[in-house]
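To keep things simple, chains are lettered A, B and C as they appear, and every chain counts its residues starting from 1.
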């Protein structure tokens, strides 16, 4: 390959960000979904903040998980549909690197965005401000891990009819550990205890997926592109 | 040396071999399970804490073990097929998946039956049951993914990759579920009390483990024959084999 | 006598799609300055053959070699030497023609703005350079895809129905471009259901059902 690895990463990352920013309506969708799902819980349970507070970490995390998951479907789909995915694969850039760039761009615009508006949701569910730091850190790590897992799922299901349902079925069981650790971290922070244990575990998951997921997703792309 | 392996792994020889092994495996399994059940249900002493209810362990524990074993076998077979392109691996993985899923279901049902006399409910979010439930979801994912592709070869490869990813996740899932359960030691949480086993309790359990394992391999052989026949249906040896 | 390996050699390739034996022992060689026109009725495996030659698809049996080495053994060298134009023009609608070109070529090699401009000029869409690809007509998009093939400066051109959506002038332009490419020592494998008329050496391969 005649261009360097870091240049290739930068190029694909720029391409992804440029494409997403030219479709601003799609940028807002995961955020709005996050807010809508959060709203479902008080409506179906109770408007009492004291009650909601107890369930808040779980509600917040489930809503964030579903919002991030729904937008993962499009990670490779658009490129697969118009033939540009093949061109990417044939450019000589290692598949793992392509996956990394696409996933990072996706996370920056969905997962990170969720983290930014999470204080709003936290307030709506009665989470004390003192827990916001832990909440946002855990969400950042968790949504990044989910993006990596989702990349594997998206690569496996690209091109399948009704692939998005199958994507969720594949990714959600794999995402259960991060849900456990993330919600627990927020919960402990709310209770005034140290969330360190849960955060470390979440961080470990994040590092593990960051290293292994690009390889797996690259292999998956090779399989589905045949 | 590898040519011997490749010849052994060829579809016609696998078909023939599994056909010969299956009846013996299943017969041996039937004997062991019968012995284990009779010994465990009738002759082993009741547990001093749980009474006779603990006897469900003779079905529950082997099922649980085999549900994980089958998944690992599925992942390894898929990996062999992906990496070394030995197609029989895909057939083994496809044959093993539903059996493993059934064992998982069996574990959940037997666990549920155990739960009723123990805690009064048919379901509790015990770490073992919860991880088995997640394992069932993983099985479902692999089987659905394989079916979703029009081209069966791609479906096989995609399912193999997913199984490998799943196998890496299984220890993580088990750990996280145990961790989660240990955080919430409230009164509503129930645990499967592991009865301390004396020899007269242990022997039927080991017999059941062996019996279940043989049963699994026997049924795998039967399903593998059908898989091989289906996958190789255009080959001449299949026509001859079916004609006889 | 030293044996110089033929640039592109396809040897006894078999591909099955499910139960269908799509490619049955297809083999051929293409030397420098030659073009191979692959044609046949729908469903005879023309696109499949092309995808096997790109390496996107691996055949159940058979090999594809570039200069004597299997294309999967030295993938980097092969990818640098070839360019594939699929049936779709493979452009992102949100990006302008120039941006599309910049990314597509930039991923394979360093390229200057001047080179990109020249390529667009050569195919006759210089005026569309700053228009988003989704507002271009099908013919213009096809020309931008051609500009990409030109700008990549690869030795081996793998073209799948490149004449689709081109008007008479466009068809003539493409023919000229192919002839120039062959005259410069390049090779081409072209899938097209039309008649091809080239000044250079053109061999034909017909795929039957």
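The criterion applied here is as follows: a residue touches a chain if its C-beta (ideal position, glycine included) is under 8 Å from a C-beta of that chain, and two chains touch if they have at least 3 such contacts.
Since this is a predicted model, take the numbers as computed values, not measurements.
Among the other chains, C has the CA centre that is most remote from the centre of chain B. Chain centroids computed from C-alpha atoms place A closest to the centre of all protein C-alpha atoms shown.
Across the two interfaces under comparison, B-C and A-B, the one joined by more C-beta contacts turns out to be A-B. Per-chain Cα centroids separate chain A from chain C by 37 Å. Between chain B and chain C, the centres computed from C-alpha atoms are 49 Å apart. Rounded to a whole number, the gap between the C-alpha centres of chain A and chain B is 32 angstrom. Contact with two or more other chains is made by no residue of chain C. Within chain A, residues 226 each touch two or more of the remaining chains. Here chain C touches chain A in the complex through residues 54-58, 75-76, 79-80, 82, 84, 86-95, 99, 103-104, 106-110, going by the rule given at the top. Across the complex, chain B meets chain C through its residues 150-152, 234.
Within the complex formed with chain C, the residues of chain A that make contact are 1-3, 8, 11-12, 15, 18-19, 22-23, 82-84, 86-93, 225-226.
The touching residues of chain B, when paired with chain A in their complex, are 134, 137-138, 140-141, 144-145, 148-149, 154, 157-158, 161-162, 164-166, 168-169, 172-173, 175-177, 179-180, 183. Contact residues on chain A toward chain B in their complex (touch as defined above): 152, 156-157, 160-161, 163, 166, 169-170, 172-174, 176-177, 180-181, 184, 201, 205, 212, 216, 219-220, 223-224, 226.
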